[in-house]
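Below are structures written as structure tokens.
First chain A sits with chain B, and in the next complex the same chain sits with chain C.
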Partner chain A sequence: MQMVKMDPREDIGGRLTLIARQQHKDELIRPLLNTSKQYLLVCGALALIAGWGIYAWILQLSQGLGVTAMGTPVGATWGVYIVNFIFFACMAHGGMAVSAAVHLLKAEKLKPIGRMGEVLTIVTLAMAGFSIIIDMGRPDRIFNMIRYWPERVGTSPLTWDITVIMVYFVLSASYLWLTMRRDLVRHADRFDLRGRLYKLLLIGYQPGEEKKIDRLAWWLSIAIIFLIVALSGGVIPWIFGLLPSQPGWFSSLAGPYFLTAAMASSIAAVMLVAGILRKGYRWQEVIKPDVFRTLGAVLGLITAFYMYLTFAEQLTMNFAAPRPEVVVSELVLSGELSPLYWVTMVAGFGIPSLVLILQTIRPAWFNVTRTVVLSGVIIAAFWAKRFLIVVPSLLRPLLPFPFGTYNPTWAEWSIIAGTFALAVLLYMLFIKVFPIVEGHEK
Partner chain B sequence: MSNIDRRKFLTYVIGAAGIALVGRQVALAAPLRKDADTADAISRAIAAPTGGGRTADGLLSSAPREGVRKGMVIDSGACIGCRRCQYACKAENNVPDTIAPPWIEVFQMDNSVSFTGHPREEELRAGSTTSYTESPKEGKWYMPVQCNHCENPPCVRVCPTGATYKDPRDGLVLMDYDRCVGCRFCVVACPYNARRFNWVKGQIPQETVNPLVPVRPVGVVEKCTFCVHRTRDGKLPRCVEVCPVGARHFGDLNDPQSEVSLLLKANPGIRLLEELNTEPSLWYVTRGRKFIK
Partner chain C sequence: MIGLFIITLIVAPVAAIILAFVLDKPHKSRVPGVFLGSVVVLFGGMIALMALLGTALSFIVG
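Let's turn to the complex of A and B:
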């Protein structure tokens, strides 16, 4: 109405600004507005893989863990499921860490990927819990862990894990919910079905609650930072590091070692997600290359530091170590697992971290796509490295039992693939239901 | 230090250690020499017939008795590696074929094989110690292993449900099969690899099931119980009962007059992986075959 009165020649600039602002606003919720054919195709493929994994899991549920290649006392008592558990649980941290850093350190340039990290945390944490359930011989009795929690929390590192993971899940879900309310208010009237969900999640909304929410989120991020250390630098490594029965695990280095791995793999995962969404939804202007430059540099350095820790570990296990340590070390350095080990170390950590560090030193060499691809490589390498932590010690008993071997069966690989497909699928569903990029102020 | 060269220094150190060791042996053997009664008791204990007639001394009670610490002494010098204990245990305790090895495993050892938890790579190569087909073999000795019923059991410590527990009354480390969630944390925490897991449902023919021992469901952990159903009823564990050479001895380690205590008084005993501070209740002595009557 107003615009009609205005002189078109005078107003053209203002109108363009309005249109630009509208487009800009829509840009951030592009995943909510339109769904491409590729998206549906990928979803379909992932659903197939996840379904196949669930089929394999049902098979395992009906026949027992005998469908796996695990064994005891000769063989690996824990296998790829526990590897998967560590992988996902540790990946759950960086996402929150990035987001918490945005709030605590006021790292504004990381803001567009903050929520991507939070959602990554929720999804991977769920997959970590799922991996534990898959690994259990009696998943039907899972509530025994809750039932006997009070008498076991004093000594069992697994009980510590369940505790911290649950607290962490609740806190990060609350954090995600609180920080998303602002965007839900903004978009509640634009969508019908989703709008109703938004309104449900906006329970207790009062105009002007933002200030209070910021305060809550600030305190939550402090708690979450502590929990990250407690979880990936604490209770998860202590499942392994506290057991003198397994040479190679028993180490006070376990905590820092796992924490470093968790930081590297999760920062890599945040970058991978951000890189894919940036390309898919043409968010080149939203997620600036600077985000990848910063995180890439951090990732390169942390990965290099992780290699140093690995060197320290292997040196200790070889120099004048007790024989069980040497035997385990031999298995990975020159034994049957050595191909995996050296590919992981050189192609998975060495070259990527070197490139990431070099492109930090020489900004002219920086390239977003390369950084994202290297993040993917590092993520895969960390899965393999977790395998190389969990399995070798179990194949070398302390008493003179025969050597064990462990080659996961098709059922195990199917279930692992299923968890990955499910994780990506959940993520893709999330971006269709909720705004994945935090809206701009005003 | 500057006056003594390194070689000499080492010689002194080793010499001192040697003297200390010999001193310990003498000290261990001392009560036997001095106390004729004890010596008599030992010979009586050893002379007792193997097999069904024996009872576990001081354990005649179906309930666990307070203050008892059930323990076993295996005379690996006497063991002929026949594996009767292994198979009798398997039958007694309803261990299915799908759990292999069963609760007891017997290693064939020689002087190139270390037994204190630091096996060499070549020893660990498939079957070098457990797949022997005839015994006893010249130049070999045999070491049965099973659950050590540790005083400080790491498996109990890590269990998230309390499914595995140490009975404070008689020291047995036992399983509650209904609580176990099958996470296998105890399996990795046990340095002796004494625990087994039901990867699949075990099949035991109905007519051979021992009704005194529960048949385990799929997905739970199990292990040697020191035949809790027998030893709390005054009987010996099945492995002790069937041993044809009397290499296994069972009793109350807290009772200084029990067979096991007397044996340990008279012989230097060792326990496996003592450096891990698990305090096993399973001892090994090497009295040798000349003591078998």
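Let's turn to the complex of A and C:
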């Protein structure tokens, strides 16, 4: 009997492979295909909170910064808005760092969360910029930052900050757009309205451009890692570290201290986002537990290192430092801010980092949900720690003013809640419009 | 002018890396042009946004 040689693409196995491939493709764009009631409810709630925050901001704009608890000369002239700025700006780095690691170190297992990190960077950088605008007494003069840039760049760390943030934002957004084009081509014909948007974003597309885009991703990864160090380990900490007039801030340790915090908080944020999307879109097969195991180990170690830096900072401030340094340290260690400090250090950093390290040493103890929850705890702790960096120094000034207090008003809390809600809302809208997981097929 | 030195220290390597990418293989591609175009558009967009926002806020700020 003569055997008939069949085209492998036509046999049952081949067809099953094609079906499986299609199912895999659909799995990756699940957020684009289905919209649940829960999704709409969450978006509605976030829009309400963001709207309330905008109302509070308009109130602040019309009545002035008097609606806040910030005050001068007694009290904190920088409050929760600057805390928010540092928090968001530093969080912006981990996302791109994860994506850069995928391209530079060929860390393929992190690939499914690469774009989640890139989008996190864009959203949090936008919120960082927004937080600065909120903090300004006259935000209508915002364009002066550009107009007087040449005069200010020589001496103002804030101008360096704005410059590097703009460069970082532009490179990150271009990076996200170009690395996403492969997926846009793949899905452009599947959707009507979104498809038109995809085609618009595919301007200048040429078949076979992927090789050049891979090279772009590789080169930009180097530039972005360089900018992460320059921003989180440079210009942001220098806003504080270069000021001898503020006890508690003036320190050469500021750069590494901020960089470590940025890496930890942003890796935690990527893990939290990945954990929520994995659960929400049933991506257990797409985002494997190994992703959380690897990042959890890194997060545990970096957080422990951050605690060591905090200890080194407090030791320097207490051992034989000038009196103003000791006064600031006392406010944090045993004064009115001590409950926040110790809860942050023990429950926010100590216990989570210990658990993350232990589950790295003992892999049998590893658990994805616990790792994601601990990431959330660490993120909250870093917000509180930024508060403990910014505010105490302003409440115990070097100049002979009485000691001040700072309790943020409802307007400040509303605006802060609004920025967080807006950040999450923007992220959720993005995943409804664009593929959030990079396709695996070449 | 420590500030200009710092900005140069940061921006110059980034510009060098971008140049390295543009000159990198494969040569026949529109990607570098598209990328540089997006950089220009985004920078311009951000500056324009600042101008617009400043103008819009001037109507609210008392």
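Of note:
Heads up, the rule we're going with is that the second predicted complex is superposed on the first by the 426 of 442 C-alpha atoms of A that agree within 3 Å, B and C clash if a C-alpha of one lies under 4 Å from a C-alpha of the other, contacts with A are read in each partner's own complex, and residues count from 1 in each chain.
We adopt the following convention: a residue touches a chain if its C-beta (ideal position, glycine included) is under 8 Å from a C-beta of that chain, and two chains touch if they have at least 3 such contacts.
Here the structure is a predicted model, which means the values were calculated and not measured.
Of the two partner chains, chain B and chain C are each touched by A:Gly64. Using the contact criterion defined above for the overlaid structures, shared-chain residue A:Glu209 touches chain C, although it does not reach chain B. Applying the stated contact rule after C-alpha superposition, one finds that A:Arg141 touches each of chain B and chain C. Contacts of A:Ala45 after superposition on the shared chain: neither chain B nor chain C is touched.
By the touch criterion defined above, A:Thr159 reaches both chain B and chain C. In the superposition on chain A, A:Ala173 makes contact with chain C only, while chain B stays out of contact range. Residues 63-64, 138-139, 141-142, 145, 152, 155-157, 159 of chain A are contacted both by chain B in one complex and by chain C in the other. Residues of chain B that touch chain A in their complex: 98, 101, 105, 107, 109, 113-115, 117-121, 123-131, 145, 154, 157-163, 179-185, 187-201, 217-221, 272-273, 276-277. Of all residues in chain C, only 1-4, 6-7, 9-11, 13-14, 17-18, 20-21, 24-26, 29-35, 37-39, 42-43, 46-47, 50-51, 53-55, 57-58, 60-62 touch chain A in the complex they form. Per the touch definition, chain A reaches chain C in the complex via residues 58, 61-64, 133, 138-143, 145-146, 152-157, 159-160, 163-164, 166-167, 169-171, 173-174, 177-178, 203-206, 209, 211-213, 215-216, 219-220, 222-223, 226-227, 230, 234-235. For chain A in complex with chain B, the touching residues are 63-66, 68, 70-73, 77-78, 132, 135-139, 141-142, 144-145, 147-148, 151-152, 155-159, 162, 239, 243-246, 322-324, 327, 330, 394, 396-403.
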